[in-house]
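Quick heads-up: structures coming right below.
After this come two complexes, each holding chain A, first together with chain B and then together with chain C.
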Partner chain A sequence: MTGDRLNPPYGILLDRAKPVRFSFEGGNYSGFIGDTIASALAANDVWLISRSFKYHRPRGILSMTGDDGNCLVQIGPEPNVPADRRPISHGLRVTGQHYKGSLRRDRSKWIEWFARFLPVGFYYHAFFKPRGAWDFWEKRIRAAAGLGHIGQVARKNTFDKNYAFADVAVVGGGGAGVAAAIAAARAGGRVILIERQPLLGGSLNHARFDAAGRRGVETAKALAEEMEALDDKITVMSDAVCTGLFADNFLAVTSGERLTKLRAESVVLATGLIEQPAVFANNDLPGVMLGSAAQKLLWLYAVRPGRRAVVIASNSDGYGVALDLDDAGIAVEAVVDLRYTIAGDSLIREALDRGIRIIHGYAIERAVPNTGGSHVAGLDLRLRPGQDSGPPETRRLDCDLICVSIGWAPAAALVAQAGGEVVYDDTRSAFKIAAAPDGIVTAGAVRGEWDLDAAIADGRRAGKHAMAGGHKDSAVEDPAVTPESNPWPIFDSDKGKAFIDFDEDLTPQDIEHSVAEGFDDIELVKRYSTVGMGPSQGRYSATNAVRLTRILTNEPLSGAKGWTNRPPTVPEKFGLLAGRRFEPRRLTPMHHHHEAAGAGMMVAGDWLRPVCYGADENAAVQQEVTAVRQNVGMIDVSTLGGLDIRGPDAAEFLNRMYTSAYSTQPVGRGRYALMCDVSGTIIDDGVACRFADDHFYVTTTTGGSDTVFRSMLWWNAQWRLDIDTTNVTGAFASVNIAGPRSRDLLAPLCPDIDLSPEAFPYMAVRQGDVANIPARILRVGFVGELGYEIHVPAGCGAALWERLTVAGHSFEMRPFGVEAQRVLRLEKGHIIVGQDTDGLTHPDEACMTWAISKRKPFFVGGRAVEMHRRRGVARILVGFTLPAATQILPEECHLVVRGQEIIGRVTSIARSITLGHPIGLAYVAPDQAEPGVEFTIKGPGGRLIRATVSALPFYDPQNRRQSA
Partner chain B sequence: MTDPTRFSRRSFVHPRLVQHGAIFRNIGQVSVADTFPGRNGLATRLALIDLSPMPRLGLKGGGALDALREAGIPVPPINNMARRLSDGALIARLANTEALILPDIELIGDTIGLVEAVPIVSGCYPAPRRDSHAWFVLCGTKAVACLQKLCGVDLSPQEFADLRIAQTSVARLSTILIREDRADIPAFHLLADSASALYFWDVLCDAMDEYFGAPTGHAALCELNTRPPVKPAG
Partner chain C sequence: MKILHCPLNGPRNIQEFVYGGEVASMPDQDAGSDSEWTDYVFLEDNRAGLVREWWLHVASGYWFIAERDTSSDKVLRTYPPDQPFAGGGPARKS
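And now, the complex of A and B:
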């Protein structure tokens, strides 16, 4: 059974050929594709859907918009799903939330018995005395608070984003919105029309505009035909919500699991109206709903909202609801019209003609609950003061459905977010949009245009105006016919709780208490009482809360503003904001070879680099270090930065950017390049290779290339030297062959380059072919052995690695990774900028005065370096050793101490296989910097470790091996 | 079918091409992924083609554009515009001081040779775009919709016409994006950091999935070049 359904034309959203089975609270139900959870449950006569936040009262359908908190359910790990919006699907398992025991018999409903002890803001006054009370109460309150539960096991979901552009974005696909889209498209614009429902039409699909009940359908059909002719100019986003309207007409639109960032030249907001509830005792019972909710159940889902109905009306819409109920075979017990005077119109006359009873002159006493209190069973009325005697003082109307049609509020959240002005107009007894910003045009019912034809015409006007730029147009007239709303739909009663905010279980007394406590502005009332802070964000409470607050503070209603409106207009999942994870990762051209060789990879800036080759890191590193020291090894150094500096002023430029002198550097030679910033702090290092008088190729650290490049561009924008700087980091793949046998390995691959020490000495640079690949070759010695760094076009990097690997077979060459390289360079006493230097290290502290030219008039940071020198150093970077038997080594950043004083820190540490004992670098006091001096490191667990200063380099102090 | 590993130069996405089952063909001194089994009709709907191994060149400096004109290569009149050359090559003017030259995809023309012969003088320097940038082509009637998932520039034909250039971010990568429609089918050259090529390729393939697009070979692009103009399918 898919529930008791009306026949077509009711149920326009349903696909009756596709029944669906789902469960709710363990019970099995059926519906159709197109049903929401709430509509399918209603069809199966299930009206209790949730429990309220504070008092655990039974709740059900209120609005059928998905915007109120009365229909929130749990689906698996996802809490707070609006049942009146989420479609059912086959096998869907739904449960209620926020109850103990069962939804039907919630053991927590006893809380309501203590309501008088839990007034608004009670938690500000209680639970913190005596001392320790809060510790007791906090966990209990936390356990009771919140709705639903979040699954702790995160499941991967696919969220997406895209960008869209339009001349005109129209938000709201009702009559006015569709008319606006058509007009804008006819004026030549690209239009995107955003509609929350699965189909266009808005209230045309369910509201009654005329006695015969045909105008809505006919108007929707006519507009659809107009749209079809403009199919290629209008993009319809249905099932889509505009969650925010930001500066420069930037709209966030969510649909399913996609967030669209939409940029529009102009925006038309045709977002319509929000029907408002009345405040009377037990107005939250299941079966008490807005009139439009009942109409949606009928027309969209073919569901009878009840069997016997009372309509509470303050406008002719209520009569439209009554006629719709009557047409659907639902007994209409009465229309209770709250107005003092009633103007006849076609809907009222039709109701009278059908014999529908109209009761006038009564106020609402309460909704009467059934036995068990889970559904409405009747409506009690009381005669208004001043009425003629004769009618009974009180009346009871038996019913299982109360439809409330007492007024409207404009859906103006987006206007407010965009900076528009929304104020209370007491001639309309509702909020109205007083002003919209430039570029935003309001249309239709949201602007107050109530007559259907006028609303459609207003939409057309708005579309054309938007295409003309949407500038503020003072010539636009106020609507002639505006929606009618009850000016005070709040009824005192001691017969039960009357809710002004369903989400937060707030009554008018809570607002009164807030004002009595001194919170005399709506913004303060909101924060103290939490009115409007629930899932509906004030859609069904703001108007009454503002009315009440203004009356209580003796302020005029006219011109009153609500609280500040902020995005999102509906809840947004964090996944939508995150979208797909775009995390660019740079890989060298040899990456797949490293993976194939079993390398573990590490993140180095934007890159991945091999740590070592082998599962046992310690063993692999030791073997790789030994291979380099005794034989030959190969490391991928493609991640190092590379910059081509070309032009007549290239040498002068390097003179200014780096600390050394480059003007006299011969062609064919490399020179160490140390870079400081304006404060004299070391920020990068590399090698400057001169390939021609006007061409330098400068390397940088892996993480420094972008910073150095930017710095070079910035400085030369001021100096205007005749150079070109090109960042060629990604354009070259580089390999370092290092070890005593590196020359032997390389020579056969370089037939046109003389690798002899005389022809190619240490720190020389050459260009030629290596393994038939054009290359730049640098003879550098970062690891302290004979070595050649080969730079080839990146597209040839993989081929170079393969050919070197083949050539290396007969030499038993090993690839080595970053960890082995760290040990090797440490043995040679080379610093790593950023590890052995920090944000303050200047060259004198790092014992690098040798890298500073004494004859240059200027380099970046030179003045500051000089000032540091005059001031003297407070710390010095030194090498140190530990006894070979040391079991537990200090780690990087462990402190160097002297008594209670912190002197410095360890920057590098490693067990040296080559030397047979641990070595490291550390900052110590100047009086501790001589070789042989001992100092103290506070190691793991606070253990004090004695270290001995050592001269650098530890390995091959005569540099014979790297200069071989 | 040829073995691309016989060449010194490899595509930056070579492992992915092999994974997708590419069949390679030599064109001059390069080997390109020419066809993919079962995918060669996709170029009109949505296809991704790798042209990374093919030659291309940049020229930078205050005298770069003049040097190109002197070499007989017509330079577009404004920045961020491209121009088709008579041999099928494309010149993209990126700035007042920089241009990028893409060859005809069948490597028959002589534009690249002409540019390579431009003397390196003060104010005119070659930029190694063949190695600094990977080169992909995304083409098809769904190309704009696909790219709008990755790029915040309005790529609709009204706002981004044929031969327009955007130097922008695509999936968080700095990218040179050049529109060069083929037979009325939208097509975009995408040039971005070569070291990020695998990431870029994977992101584009993922984005294409929604529109049933897939990697396709060089042959499909050549075929698109020879089609008469057709109204693209919706």
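And now, the complex of A and C:
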């Protein structure tokens, strides 16, 4: 047992007053609020946490950052939870993942015996023969691959979004970040400081900067006092991580179930360093961890990381680790220093003073596993060539903890994502940030400032620089003291597997094989070997992978780039991106009346429209159609677009936008308005109503109002005609009263308007009061009956509907919905743009040639329409009928075929009660476009259906009823 | 997310805007060959470098022109269409 926890001041994240019981793999354990799963397990002497992806090797704590893939666990339906990041809570039930049987006795670990048949990229070379080999193996490989299980039952979570703004956003709450925030706030800025841990301080909370081990705590305390004075100017977001840095300093910050979208004028990145592992045989055993991980276990969680330790060091940080272990009462067997020359400093001198044994001149042979192979039991060393004879060739050091302190990589992901330059620097033996983009300032250790005082000062400089705009400043000096890293911490051995990427179980041999296969660039090596594609995304493997690749390809190390870095920096749940689902809907002013009347609603663009009024759709539609044909019906058409065009050039403008001629259109008349684009394709239609010489009111389709409006604004930005266009779609509510008795119903409601056929003919437009509501009235014939479309201010829409309903009682008027209207207009052969026309339909194909004015010099699309005419049509839209007894109807988009050729398709189809047989519209070949010609439709199930071309309109061919 | 400077409304998030294609002058509809007209309708310059393009601020219905370097995706300036189209464009006759 590692025994009880260390006493304070160790364990700064723990709330020792709040003990917690949780379970892991069925065993019950206790910890404290503030513990992570991994720290609490370590306190209970449980070190085996996961099984590796490919070889099912035992794994445990490596970094204590939450960013490696060595301690992923499953919590209920949630897979791949980093145990070294997720806090424990009372009753939490945690299991391991990716094993057969138990975590301890994973039956899948036999796969490692077959390692030599599973080299990098083996799946690109195998399973081609014999036939069926892939089908056999695919199932097994898929079952074996992946980590964890996704719960199939969606849970209700409340993910929320938040918006924030700052003058300076500081990412990283360590020494340099806090200093930057203070400096920026003192310069007058609103600052938001983002820190992953629950506490500010970063490495100040666990690293050892001096022999006495006090500077971290003291510096943190001093900075905290400075911050308190600036309380209202600095907002601290703790337990928060910046997952992406997007254009113009737009940051995504996630914290629990909240995503904050943060816009900052300037950004300071003080994200610090990532300690790097060494590559030696069995470097993945539980008990082999980074030096900083051991220090975090001690200082943040009061947990002894082992009983007997060896420190592998290539810098003085390793000596800091050794001193921390010694202070905590852990036996330090030795510090194995890998450096060829060691410069003395205060930490090394303190270690020597305490009698800690320092071994140098040796290379790492392997970590020795215990009997069960589940934990480290020792470290084997071998003498370097060229050493004096005398020291033994090999040495074994007994230990249950190996701390690795061989180097550092900058946490530069955000800089790279934002377009900064990160390249390998031979003199530092590490990546460095060569250039940060404008508006982004790097500070502290991430920039290479190693000395604590220099890093804090650098933070202050960065804060001021950010407040001044954060522009690229070539005057910033390179750091005097940079972190020390081993240039080649890779030790070949045939005594076990040495891992260069723990997530993917990759060894240096796998990188060699990739290069040997011709993948000679790090981007290719990455994709072929999958190095860096696991949960740690190269944080612990990129540096060595780049070094190895460059050496193997005889390229210089200096200037080498890593692979492209993309957001998110840490895994992000889809729920965070989705937030609360929010789907806006537009309702007409009469919406509540439709619902009260029992209408089923349908989505039409942004709007909700009534389908029909009644539960039995077929019956309701039939009754509504019949009511309109024989009596009178009312439909809410508020969703249709409406545009007011005013000004001396209004008619000229319409001449150019639409295909017909409008200059000579009399005041008080409406005219069909067909719109094409520059390629001659029909894009919208409506009615243009002239209420004055300089005032047209133009309607559009429901879905087209925005597009038509934008198009009008765009064209007039260039033509600069003297007009003003206003989109009044939402300002008007409108209703269509249609049927032979519509005039009788309306007349009493319009005392000031003469509705007689002579005074108010077909296609006329009038303004006046309807039921005491000011209205624009259009006599249009979409459904082919006498009818009036009444447009009133939207605020009066409900009142209009109510008053018409009351007036309609004595006429037995029925409301009718979209479905009935579609049948009615189909009976008249009227097209619906977007249904009967597609992205290529030009006017000649849709029999709209009549709508093209021949007298005006220009309209949008005119040239293309004329080109189409010269080329001739390839298909024509015609009406067709089917025999009355037809049982199974073809559907819209079913193909019109001739032999093996596709000629066209059905665009509209319905059973017409009025006519007693099915009718429709379809594209057919030009030689089929005569009434009486039969053609073939490939219907449901592939059955061939004969249809007969019919003249249009089907109903009331003389148009007598709509012109009544 | 990018910020675009609308000449009318000032700097706004790019989500408030809609792209409207390259600024190109429409050839005379009556003159020119069919293939010239087809090129105008379907082809864009697709240049790596400075382009002039249309942008619409949706909420205010305001069209303007942006000069953008497509290699760096930096918008160099934005301005109203008044000046370039002071003459009313080629389709002035009626």
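Following the convention adopted for this analysis, the second predicted complex is superposed on the first by the 790 of 964 C-alpha atoms of A that agree within 3 Å, B and C clash if a C-alpha of one lies under 4 Å from a C-alpha of the other, contacts with A are read in each partner's own complex, and residues count from 1 in each chain.
One rule holds in what follows: a residue touches a chain if its C-beta (ideal position, glycine included) is under 8 Å from a C-beta of that chain, and two chains touch if they have at least 3 such contacts.
Nothing here was measured: the structure is a model prediction, and the numbers come from that model.
**Student:** So, does A:R646 touch the first partner chain B, the second partner chain C, both, or neither?
**Tutor:** first
**Student:** Which partner, chain B or chain C, touches the larger number of chain A residues?
**Tutor:** Comparing touch counts on chain A for chain B and chain C gives B.
**Student:** Contact-wise, after the overlay, does A:F574 reach chain B, chain C, both or neither (first, second, both, neither)?
**Tutor:** neither
**Student:** Just chain B (first), just chain C (second), both, or neither: which does A:Q718 touch?
**Tutor:** A:Q718: touches chain C, not chain B.
**Student:** Thinking of the overlay built on chain A, is A:W607 touched by chain B (first), by chain C (second), by both, or by neither?
**Tutor:** In the superposed model, A:W607 contacts chain B only, not chain C.
**Student:** Using the touch definition from the top, say if A:D694 reaches chain B (first), chain C (second), both or neither.
**Tutor:** A:D694 sits against chain B, while chain C stays out of touch.
**Student:** Looking at the overlay, does A:P589 come into contact with chain B only (first), chain C only (second), both, or neither?
**Tutor:** First partner only, chain B.
**Student:** With both complexes superposed on chain A, which partner does A:A799 reach: first (chain B), second (chain C), both or neither?
**Tutor:** Only chain B; A:A799 stays clear of chain C.
**Student:** Would you sort A:D160 into first (chain B), second (chain C), both or neither based on which partner it touches?
**Tutor:** The answer is first: A:D160 touches chain B but not chain C.
**Student:** Touching A:F246, do we find chain B (first), chain C (second), both, or neither?
**Tutor:** A:F246 sits against chain C, while chain B stays out of touch.
**Student:** Which positions of chain A sit in both the chain B and the chain C interface?
**Tutor:** Overlap of chain B and chain C footprints on chain A: residues 727.
**Student:** Quick check on the complex: what are the chain B residues that touch chain A?
**Tutor:** My answer: residues 5, 7-12, 14-15, 52-53, 60-61, 120, 122-123, 125, 127-128, 130-133, 145, 148-154, 156, 158-159, 171-173, 193-196, 198-200, 203, 206.
**Student:** Per the contact definition, I'd like the list of chain C residues that touch chain A in the complex.
**Tutor:** Checking each residue of chain C against chain A gives 1-3, 14, 18, 20, 26, 29-30, 34, 37, 40-42, 54, 56, 61-63, 73, 81-82, 85-86, 88-89, 91-94.
**Student:** Within their complex, state which residues of chain A touch chain B.
**Tutor:** Touching chain B from chain A are residues 160-165, 190, 261, 263, 580, 582-589, 591-592, 606-607, 638, 644, 646-648, 694, 722, 724, 726-732, 772-773, 793-796, 798-800, 802.
**Student:** State the interface residues of chain A toward chain C in the complex, per the touch definition above.
**Tutor:** Residues in contact with chain C: 246-248, 250, 652, 655-656, 663, 678-679, 709-710, 713-714, 717-721, 727, 856-858, 862-864, 867.
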